[in-house]
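In the two complexes below, subunit A is the common chain; its partner is subunit B in one and subunit C in the other.
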Partner chain A sequence: MLTAETIVQSLVSGLLTGLIYALIAVGLSLIFGLMDVVNFAHGEFLMIAMYATFGLVLWLAIDPILAAPLVAALLFAFGAVVYVVIVRYAMRATANRGMVQIFATFGLAIVMRGLAQLLFTPDYRSIPHSWTEGNNLSAAGIYLPMPQLVGAVISILAFIGLYFLINRTDFGRALEATREDAGAVALVGIDKNRVFTLGWGLGASLVGLAGAVMATFFYIYPDVGASFALIAYVTVALGGFGSVFGALAAGIIVGLIEATTALLFPPALKSVGIYAMYLAVVLFRPRGLFGSI
Partner chain B sequence: MMTTSLVANRRRRELVVFAMVAAALATLPALVTDVYLQNVLILTLMYAALSQSWNILGGYCGQISLGHALYFGLGAYTSTVLFTKFGVIPWIGMAAGGVLSAAIALGLGYPCFRLRGHYFTIATIVIAETGYLLFLNWDWVGAALGIQIPFRADDWFKFQFARTKIPYFYFVLGLASATWLATFVIEGSKWGYWWRAVKDNPEAAESLGVEVFHSKMAAAAVSAFFTAVGGSFYAQFVSYIDPESVMSFQFSLLMALPAVLGGIGTLWGPALGAAILIPLTEFTRSYFGGSGKGTDLIIYGTLVIVIALARPQGLVSLFSRRRLRRAVPE
Partner chain C sequence: MNRRDLLTAGTAALAFGIRPVFAQSPKEIVIGALFPMTGASGQTGVDAQHAVNTAVDVINSPHELDLPLGKGVGLPGLGGAKVKIVYADHQSDPQKGRAEAERLITREKVVALIGTYQSAVAVTVSQTAERYGVPFMSADNSSPSLHRQGLKFFFRAAAHDEMFSTAMFDFFETMRKKGHKIETLALFHEDTIFGTDSANAQTKLAAERGYKIVADIKYRANSPSLSAEVQKLKAANADVLMPSSYTTDSILLVKTMSELGYKPKAIVAQDAGFAEQSFYNAVGDKIPGSITRASFSLDLAAKRASVGKVNAMFKARSNKDLNDLTSREFMALVVLADAIDRAKSTDGEKIRVTLAATSIPGENTIMPWKQIKFDASGQNNDADPVLLQLVNGKLITIFPSAAATAEPIWPMNL
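Up next, the complex of A and B:
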């Protein structure tokens, strides 16, 4: 039934989901913008962030939302290590460059998924309880699920923080300079490798935050990253690779399209709406909505 | 002149090696009687064929597709639907699936080949995933339940065999040989040089008069055709298909990985990669069974990382002759 209420309801849910999608995708976009590398293990970063949240909640008996900064810190370290151990070498490849970057990170994704199956079994898990549970808001007949609402707020805060980090700090300037010309920054005393390491850490910590948010309302299992990774790639390609705020806009668009598709067509096809819209956009703008040429 | 005759010599030698390998493989069913091992052999040859098909577009033309599961699935569904709903024999269905997939590859290539690098790869993943979701919800072709191919009799005409796997072995050996020969012919033709130019530097190729767009389209069509034939074969071989088992993302990855391990853009890379990867995966899976779930993934994921970083030219480069390398400097 299409009534004004159901339409507003699905737009509101789409907006909340979209903000969370943007948070999942932004780390991918940030890393790409910095060094032209697509992390094909991005979904698995999300997956381990969700398991890390689950583990911290069980171990320290704290609320998943309080665990979020810890998870972000853990993922920061993980992302930096992945850069130093794998990506740094992938960037040095002289033969088949594009292929090496794709398959080095794909190999990592496969290993991470295998490790998760081995260590945590393929069982579905969920966080036993959180204060976000059952505290849902409803206003004027519109229902606001608390976990998604909190997730959307965290996403907005993360984007505000990222804005200040990029525009107001030395690290942000170094990031911006390295992205403009990784060769020239060495001349002004910026260590390119250090910026890349921190960039990977930052990108991973953002998906860490997203993982903590997702863990409050979604099942946790070894393959959980796969479906969200595809949405993240679509979001980033739609926004334009490397454009941090393009990812924000694209995330919201993706969330809204998904909700609208689910309203008009069988819900099983909701992702088809996103994919069709993405394909239609890149047909006319091969580098996405906000991508630079 | 010197280089030309060296290349001709090398190509003649490749053909001789190919004939010897194919002949040796053809004697295998006489030696390997264990059904499980025969199964592993058939899968290995199937992935050698599929990966060679992927290599035509991904390796030679440099367009990294991670959506070839779409063509594999289309091949499987075309022959199966024609057989179960219209009684068309699988041989015709196989050809129809190949032609349909090639046509769809051209239709998709028209917009997608404007995309570069990662944008192209992501578009291929998204298109294949869309196809997967559509088949998953398409009731006429069985939706998520899939289609069972009814068994009639052991028959070459209907390409079904319940008592023996050997006919499947010879078919898939033929398919792997056909993809190898197609690659061999392409490599020596004008197209082969064009495609490699497109892969190495599209702008420079374009300025030298290479038809970049047509090159990509031709590579995509050939690649999709053989992939779909492989899909039809697989449907007959397992006699049951559903979207998960023939169109999921995993297949796209499994088609690319042997080529990556063995060496992309090389004649022998995909076959060598499949000969290592497929038995390794099958044996670890059966060795660890249910208890060590994920171990197979860890092993081949690690292998992929190590090869990609340490040997980006693939394992086949270990065999390349030093003499030739000195004669034809990069």
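Up next, the complex of A and C:
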């Protein structure tokens, strides 16, 4: 059943999904690049963002896409607080620092999931209506689902914004400098803690955007982050730990590989393609496509 | 805190830890219930808890219900002892299920187990129960391989997926006779024992009865995306789409179908996700006319007073109507408690013997079943399933004709 139509549709779906994977992953990559901390609660950040979107839609009766900036702002605050209250202390550990950081964010993930179970119940939520729904574009038998299309556009805009933020602003330069040498920046008057706090906020706000986008087409429940977090880790490893634009390229590659594997083989094997590629990267180019370490 | 305080506190804590064992009064019969209370299927477990608690209420408190133990208080065979449930969360994980079953049997001293929603977990739980000689009542598992494990302590009052699938194919036969064209089928099933067994049963029936399976899509449960899968279903465009999916994947399936412009001619689902209120809340408006198999129908309340009363009791707890799953969970505890009552004992082997001798006529249940009678493998073969169709946001019984309250609408999309 390999017709031109199914091939094009697969590539289009893969590209749209890939851009959203990239948006989910970039926050993780940003935080890692900045301070060598892997946020194991990344999937739970996504979950919180989806619930926040759901809550805002119910409470303010606005469209989830309009809620996206608000969710990003909320998540910014949340990320900053997580750094100040938890990660900052985890980084002070004198022995086994890597382990302490892993368990600090991993523990946070479990706490967040448990609280979500308690407060939101394990029921499946879903945003009933949004202007993106049903407004699908189709031409010559190829369907462009509006929710994913809007998500992909938001993802591209976010990456453009991120590019300017990192390359054209003082904050971006401070970010770059801190990641180069966190000790030395203190000598030129940059407060390392402040940069880290803003970095966590920025990383979380990006996953917040992703959550708002996801909420338009995905169901929401306390464990929703798990399967996306796994893909985010693979994406970050493929793109190169810490490389923001590596995450963009890797997200698209993961989306396309997933779609084409499912086209050529039984769909049950579709994640095999992703992990086979992941394995190849780990073996032949362990620093990832664009990684510097 | 000095060392003496520590010793005192420690001893006190130890004493408290041990106390419940001594304090366990013989006036209480403890039964273990294993359900997924957290994780992807957490809501199912929470609803199951309400259903089981409703059954406990029916058994322990005085009511006027035409059910076993539906009148009077407690278990008369054991001097009016009350039933107490200890819940365990197996998190949809077969290995956690095994560990929790063991804990319930050895530490909580339960006399029997019920559960477990996922068939994959029922495998490990039923084998553990067998090893300890404790009866396991499968409440809401539907894989046929469960009662073919050759276990003595396994019982299931409800139907399994071969019975359910047979009902679907009988229904196709009826529709064919009415002049509808049903020739091709598309199977869509998740990759654990539930989806696999269901697809095997459907493949076998399709071959026997002359239907062509034009797509057989097996997918990973809780997939982040189903675009590729739906594209294959759309390309196949079968006369009937037959999903066997849990709630998360069912929601994503319907959302993705609508995004990719696939309107199936008909959906006949193997329950699970398609039995859940949260599924219909999320995407029900996209699939009017979809059909699911079930073992319960609220329409029965018109004929049998107990159905409406039990439903009201359940609704007071859960704010939901009884569905296919919760009705089976309710019934499972009633049947189990009835056997313990007749055994007049908490001994596993004695309960097994009375369970095997169970004979409850359909009128004394809340189900559309002929009766409850277990065969040598512990399966009740008289648990006749029904098919329900989503019409104007409500599930209406359409098959078999004896139980139907409306004519089926076919096809759902031209």
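Heads up, the rule we're going with is that the second predicted complex is superposed on the first by the 293 of 293 C-alpha atoms of A that agree within 3 Å, B and C clash if a C-alpha of one lies under 4 Å from a C-alpha of the other, contacts with A are read in each partner's own complex, and residues count from 1 in each chain.
Here is the rule we use: a residue touches a chain if its C-beta (ideal position, glycine included) is under 8 Å from a C-beta of that chain, and two chains touch if they have at least 3 such contacts.
Keep in mind the model is a prediction, meaning the values are calculated, not measured.
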{"item": "Fit or clash - subunit C, subunit B, common subunit A", "value": "clash"}
{"item": "Contacts of A:267 with subunit B and subunit C, given as first, second, both or neither", "value": "second"}
{"item": "Which of subunit B and subunit C A:148 touches, first, second, both or neither", "value": "second"}
{"item": "Which of subunit B and subunit C A:169 touches, first, second, both or neither", "value": "neither"}
{"item": "Subunit B versus subunit C as contact partner of A:38, first or second or both or neither", "value": "first"}
{"item": "Partner chain(s) touched by A:121 [first = subunit B, second = subunit C, both, neither]", "value": "both"}
{"item": "Touched partner set for A:222, first subunit B, second subunit C, both or neither", "value": "both"}
{"item": "First (subunit B), second (subunit C), both or neither touched by A:258", "value": "second"}
{"item": "Residues on subunit A lying within both footprints (that of subunit B and that of subunit C)", "value": "114, 117, 121-122, 222, 226, 266, 268, 271"}
{"item": "In the complex with subunit C, residue positions of subunit A that touch it", "value": "1, 3, 6, 9-10, 13, 17, 114, 117, 121-126, 128, 134, 136, 138, 143, 145-148, 217-219, 221-223, 226-228, 231, 258-259, 262-263, 266-268, 270-271"}
{"item": "Complex interface listing, subunit B residues touching subunit A", "value": "58, 62, 64, 111, 114-119, 121-123, 125-127, 129-130, 133-134, 136-137, 249, 253, 256-257, 260, 264-265, 292-306, 308-309, 312-313"}
{"item": "Complex interface listing, subunit C residues touching subunit A", "value": "37-43, 45-46, 191, 217-220, 222-225, 227-229, 231-232, 235-236, 247-248, 251-252, 255, 258-261, 276, 278-279, 281-283"}
{"item": "Footprint of subunit B on subunit A - complex, ascending", "value": "32, 38, 86, 89-90, 93-100, 102-104, 106-118, 121-122, 222, 226, 230, 233-234, 237, 241, 266, 268-269, 271-272, 275-276, 278-279, 282-283, 286-287"}
